[in-house]
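The structure that follows is given in the form of structure tokens.
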Amino acid sequence: MENYFLILIGTVFVNNIVLAKLLGLCPFMGVSKKLEAAIGMGMATAFVLTLASGASYLINQYLLGPDLIYLRTLSFIIVIASIVQFTEMFIHKTSPVLYQVLGIYLPLITTNCAVLGIPLLNVQENHNFIESLFFGFGGAVGFALVLITFAAMRERLEGADVPLPFKGSAIAMVTAGLMSIASMGFSGLVK
Amino acid sequence: MLGLAVVLGAVLGFASLKFKVEGNPLVDKVDAILPQIQCGQCGYPGCKPYAEAIGAGNAPINLCAPGGEATMLRLADLLGVEPQPLAAEHAADKPKQVAFIDEQTCIGCTLCFQACPVDAIVGAAKQMHTIIESECTGCELCLPPCPVDCITMERVDEGISGWKWKYPVYPISETVRDAKVNT
Amino acid sequence: MSMNSPLVAEQSTVSVIMLKVLGALVPAIAVYVYFFGPAILVSITLASVAALATEAAVLYLRRYPLRVYLLDGSALVTAWLLALSVPPMAPWWMVVVGTVFAILVAKHLYGGLGNNLFNPAMVGFAALMISFPAHMTQWPAPEMLAQTHWSFTQQMDFVFGGMLPADSKLDAVTMATPLDALKTQLHLDREMTDIQSGKIFSTLSGKGTEIIALLYLLGGLFLWQQRIISWHIPLSFLAAMFGTAGLFYLFDSSQYASPLFHIFAGGTMLGAFFIATDYVTSPTTLLGKLIFGAGIGVCAYIIRVFGGYPDGVAFAVLFLNSAVPLIDAYTQPRVFGHARKWFKGSKE
Amino acid sequence: MSVYTRHSTKLAMVLAAFALVGTTLLALTYSATRDNIAASEKKAKLALIAQILPSALYDNDIIRDAVEQPPVVELGTTEPTLVYRALKDGKPVAAVLEIIAPDGYAGKIKLLIAIKVNGEVSGVRVVVHKETPGLGDYIEIARSNWIKTFDGTSLDKNESKEWKVKKDGGQFDYMTGATITPRAVIKAVHKALVWFSPNREKIFPFPVQTQD
Amino acid sequence: MSDVNYKEIIWNGLWKNNAGIVTLLGLCPLLAVSTTVVNGVGLGLATVLVMAFSNGIVSLARNWIPREIRIPVYILIIAVLVTIIDLSMNAFVQPLYLVLGIFVPLIVVNCNVLGRAEAFASKNPVFPSIVDGFMVGMGLTLILAVLGGMREILGKGTLLSGINLAFGESAKAWVITVIPDYHGFLLAVLPPGAFIGLGLLIAGKNWLDQRKAARAEPLQTSQAATAAA
Amino acid sequence: MRTLYPFHGGVHPADHKSESAQLGIAVAPLPQRLVVSLFQHRGSPAKPVVTIGEQVLKGQRIGAAEGMISSSVHAPSSGRITAIELHPAPHHSGLPDLSITLETDGEERWIERQPMDYCAIDPSGLRQHLQDMGVVGLGGAAFPSHVKLNANHLETLVINAAECEPYITCDDMLMRERAAEVVQGIMIAQHAMGARNVLIGIEDNKPLAIASMQAACQGTGMEVVVVPTLYPSGSTKQLIKLLTGKEVPSGGLPTQIGVQCFNVATAYSMHRVANHGEPVISRLVTLTGNVEEARNYEVLIGTPIGELVKLARPKADTTGYIMGGPMMGLPLTDLSVPVVKATNCIIATSKALFPPLPRAMPCIRCTRCAAACPADLQPQELFWFAKSKNFEKAQEYKLFDCIECGCCSYVCPSHIPLVQFYRFAKSEISAQEKDRKAADLARERHEFREFRQEREKLEKAARHAAKAAEAAARAAKTSEGGGDADVDAAAAAKKAAIQAAIERAKAKKAAVKPQNVDDLPPEAQAKIDEIDERRAQAKETAEQTVTAQNTDEGQSA
């Protein structure tokens, strides 16, 4: 149990997938201009990432085995793409409200490299099924957390008197850098 | 692996037919932002078509001249894209104006009436035409068709009740502006 | 200047506020000099010059009025706070690099005074801590504990030229800070009481440092009395740290230091009254301030005790800085004439 | 057959065709590169081992000649590791062990150590660590030669109390401000040596002749 | 087709719509592996290869792929290509491959690759598509190299360190020590340095563009004035 | 003691009240010219009902209220109307306003004044009367009072005697000298709204006024409540909160919570209207600041301020004048502007009294403004959004709940003109709102036009089809008739066509019905009617040609 807790703390704060692992940056930069959108994206990603992490574990373990490792990337990406598709269809059918909130962000998730990166890291770090789920979920929560705080900061920044060349994505990058500095304070929390 | 591909292909094919993209709600949102002057200066035959083009990602957001910078900024906001300067020929914010028909000269040819996108002109054939001021959007589309050039555009005065407070300018914001010009 | 109502105003200015903040630091600095020698004054001077020079350069590039902004004093506050966080034994270029980074990246890339999201001094400190951890741990030993005494010129030789006096080692004049010692010794499986019998420890926390912390506290109270800072952030910060430390202390007093030790050790007092209270980078709502302060208190404790750095105040401040816009957005107070709501989002 | 299913079948076929071609291509590439990859891996490992155990000292295929070692508390390992055996003319020369120093400043430090059969350290290298860059990372060979101070040490030559940093009264150097890391490494190496001597026979299950 | 404007393709790929600093796609590898020039260029070239080939293949196959499944097919093609590169790098430049880690397989989700396949290759003939893929990839590589250089100099005081990962031990001599006896501003090689460095590059491009625009403006008006006169 | 319910924030600017409260109220001399603005109140301007050259009597109505939210204006003295034209007005815009200029004859001849028994007529009659007599709020907003009286079974009537702005003492002096009449006026409002309680809120820095009001209230059931001196306790919402603990809902009216609020001077003018039959033609104005003799004057509306200030003998180093208080007042750029009903005070400024504000700096988010804001707003956020023209956010942070009291600007250490930013943002948002409504209308009209065109096309097609069918039928008929009838038939058909054309033209002439009038809003219809009227006049001359042309068309068709 403690192990899972540490995985969570580790992925959310210490090795945050955005700020420390440098994954999922495109949506991090792209969907953070509005707080509301960031919240939607964060939730959608959390859902898909957890699923993808578990599913790709199963694929890797039972479908590929040690012989077909060269199909890993291929099968992972296909599985992820389908999960995204199915999630979209599923919530479209079952919950129009949820679809309103998350629907438009789902297709964007396929281009979030964390969705592939986390399963690959799972393999690299020999996680078991439950660990994979926690790792995926923790990564997603970490992603959502920084995405949302980042979006709030960018909304504030809109009014700031930023020097012209830095307006827009440049200052956003610098902000992400300073966030990354802040998050380095947690290094060493999980040995 | 093959099996996986077959199954996925089937499902995707099925799904793509079943869940064809339905009407684009974005277009309505864009349309709501456009000023509905229907002037066609954006290069599209009216605001709705321009909205559709934006919705489909085929048009930049900086083409609407009457809407000016404010409209562009709201579009940028809605679509989550970086604001773009107004296309050069659209940059000047025009003062609000309405058309005015010189009733003595008008010959009642109905040509302006047919051109007006918002039916702001009333009148029958061979009768003098008059413009309903409150409906006129000032798009100037009625000017070219008039054979006797009896339509003129008149500025709407702001008056005390339409007066707006100006953006406060004080030393700091002044220098800020200077700095922006310089860089 | 266009005239518009209101046509009268209180006469306080930004410069006066900043000057008072600097003034509130002076007693603590004096005691600092008494316990650790005058090297800190050199650091403060270096940082101040670097800060003003950087600020002037940026203002010049942006064609902003130099005099007005240089006189506002905010760069000096940044410089002093940064200098107070860096060991005075560190090489001279470190303070300069930290200050330039703080003023340039954390303040002026955002548009200067009032626009920055992160506490500039703490950004500078964190950048140095991450980049030069070895130098950042070279804290001088209190005068009465040092094995040998370097003269002021010897110290300056070291700071500016990296030259050690003959037959002396850096070890002889530096010493782990109480927090650092605690961490190292716990690593060696020693017990708390055993560790705290060490010579750098004293009743509250460390010899010398606790008195400085006390004076920071007094300076903070002065700022509060002057209505420059409100009580919300310092109190919630100290209370949260005291509470968290208290819990762990009750749980196992052989592994965890007492809450009193924690609030008088390291950067707690400076942080609570001078750093976390920076207007620009802290929340503006009262509830937000309480959350912010408490968040820093808890995070700083966790980093201190379980994390990789001996003290966590700076990182905790930066971490909570990043949450400030979010906190502000979700703690907007009820506006006159609006219904009371328990949870208020940025949207109605 | 409805329109839907007919259409779907067609799409499925196309996709399957692409998948088939793709997987075939991959299988081909894989078989073409497999040996090369293995060779590269081996080369890399050999290069690492060569840093701590001169290749002139042995003549067997050391990568092949490895035995699995279940987790050992003294070595700090929690999972089975490989112990490589270096032989010259069929006689044991040295063993290369993967050990872990669990109490580094920021977590575990993975080390590779070569111990000669006589109990002398041939060499130590850090494989993975999370110590503070710029402070605790001088244990890496890329940063400093500190790790080489272990070369030639042994339990016989160095008494137990000398296996400490100088600050604690031992014989090992350290860098000011970072004593936790060297302490951890020294402790781990020491423990490995202590563990090695009684377990030598298990690793080399044939008569061992010490040179002298 | 002869009306393909190669100049524009090249200009777009390298500068105007540069993937690294304008469209801000494929950021993860850009930031993660630009710790040194060698790492950056290594991954950049891998990406170039994938992009050129994927664009070429997509363009070749564009008439056979049904619309509905074009995206899955593109992904399939890209994934296959990436795995081929991945295996080859593992086989031939393993030390570099190990340093780049999961960022080689992650080329699959680099939006630039899919983006160019969809936006360009699926509508254009083979050769221009290859050029486009190549140029967009080169644009990315350029930024990777510059960012890598910045971070390496600031962080370590060297250039081309780690060149031996790609070319073997003998290449160690090629490492250039820019600042001897340097303390190393470690922040530069850590993630914050990546973010801030890219921020500076983006601002630099903005500054150049803005300056150009500011210069062009008075020119235009004066031209207009002369035209009027 | 009544429990008070303090509102959040507020500030204590130096009050400078004693200077002008030393001397009793004096009457300002009659000026030669009076300029009466037709737009002295909120709502729509009054419409002039006199002509140039006309002789008018004191108290005669010269501008009639137009619409519900409007008020009449009256001649402040007898004399001759010399101009009805745009004249500088005391307004932030600096724009001139339609005003009536009156050359006084010095005779002060009154119209016939008719006191009324307000208890005898029904409330709506009373309200109508107040509107006709030009009663508007004299507390600053100049909102037509009859609108505000439109309530019954009111819980509490709050009388605003706080006079929280520094310098101003006109309400203070009014209460000291004319308390009984003020109370009489309050009774009118109380009666009109059936108010159960009356609370008179007076700040504790006016002990004399408190005493005289308390004396006047004896036995009336009204209660004088002494409130602490704190700006802006005189603001309606804050005073209501202070006295009753109730908050006027955002965007709502006090009557929603059973409260209404009038200024004491407004009450006094109700008394003059009802009990003396005098319309609102004068008011008390405090002349103070950098002057030799600060004092309150009873001043005729329309008195040019430049003339008025001379009474107080401004000192030589006077730098300018403010109308109203220093917190919410209007710096005057033109001294030819007249006194209006909202003019409660004129302050002469000097460097010493109004030192120039230090240079503005960026906002440092010190939240002093938030601590001072009586509307519980976060002024620094509003400023941030207004500055960057992020109006959506500004509204999200409740920009429109800002009462523009200026407390935030007053305390701001960065000396940012915050209130100006809010005014800018508010007026920009209102303008955008107006544009949006216009756009919605345009969209509707455009869509309708497309629908209409579609419909017309269909109708045309149907007509063509019918015609074709008819022609076919006719052709069939004629072909039955035999070959040589063809020519005749063709001629007949032509004749018929001409006939039909003439018929059509005639019909058209008879009822020139504008096209495109389906679905018009009533205002537009009204406009069209007006146009039609004009057209009818033009018709006579045009008739001839039109008929000729119509016939032409008929023939060529």
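Order as written gives the chain letters A, B, C, D, E and F; numbering starts at 1 within each chain.
The definition used in the following text is that a residue touches a chain if its C-beta (ideal position, glycine included) is under 8 Å from a C-beta of that chain, and two chains touch if they have at least 3 such contacts.
Note that this is a predicted model, so its numbers are computed, not measured.
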By the touch criterion stated at the start, how many steps lie between chain D and chain E on the shortest route? 1
Going by the touch criterion at the top, tell me which pair is linked by more C-beta contacts: C-E or C-F. C-F
Which chain has its C-alpha centroid farthest away from the centroid of chain F? D
Chain closest to the assembly centre - both centres taken as Cα means: A
Separation of the C-alpha centres, chain A versus chain E, in whole Å, is 23
Hey, how far is the Cα centre of chain A from the one of chain D, in Å? 33
Chain A and chain F have mean C-alpha positions lying a whole-number Å distance apart equal to 56
Which parts of chain C, given as residue numbers and ranges, touch two or more other chains? 1-2, 4, 62, 105, 109, 111-112, 115, 127, 130-132, 308, 328, 346-347
Junction residues of chain E, two or more chains touched: 66, 68-69, 72, 76, 79-80, 83, 87, 184, 186-187, 190, 192, 196, 199, 207, 210
Residue list for chain F, restricted to those that touch at least two other chains: 92, 359, 361-362, 417, 420
Chain C contacts chain E in the complex at 97, 105, 109, 127, 130-132
Given the complex with chain B, which residues does chain F contribute to the contact? 39, 89, 91-93, 95, 97, 359-362, 389, 392, 417, 420-421, 423-424, 426-428, 431-432, 435, 438-443, 445-446, 448-449, 452, 508, 512-517, 523-524, 527-528, 531, 534-535, 538, 546, 549-550
Chain A contacts chain C in the complex at 35-36, 148-150, 152-153, 155-157, 160-163, 166, 171, 174-175, 178-179, 181-189
Complex contacts: residues of chain D adjacent to chain C: 103, 105-106, 132-135, 175-180, 183
Chain E contacts chain C in the complex at 183-187, 190, 192, 196, 199
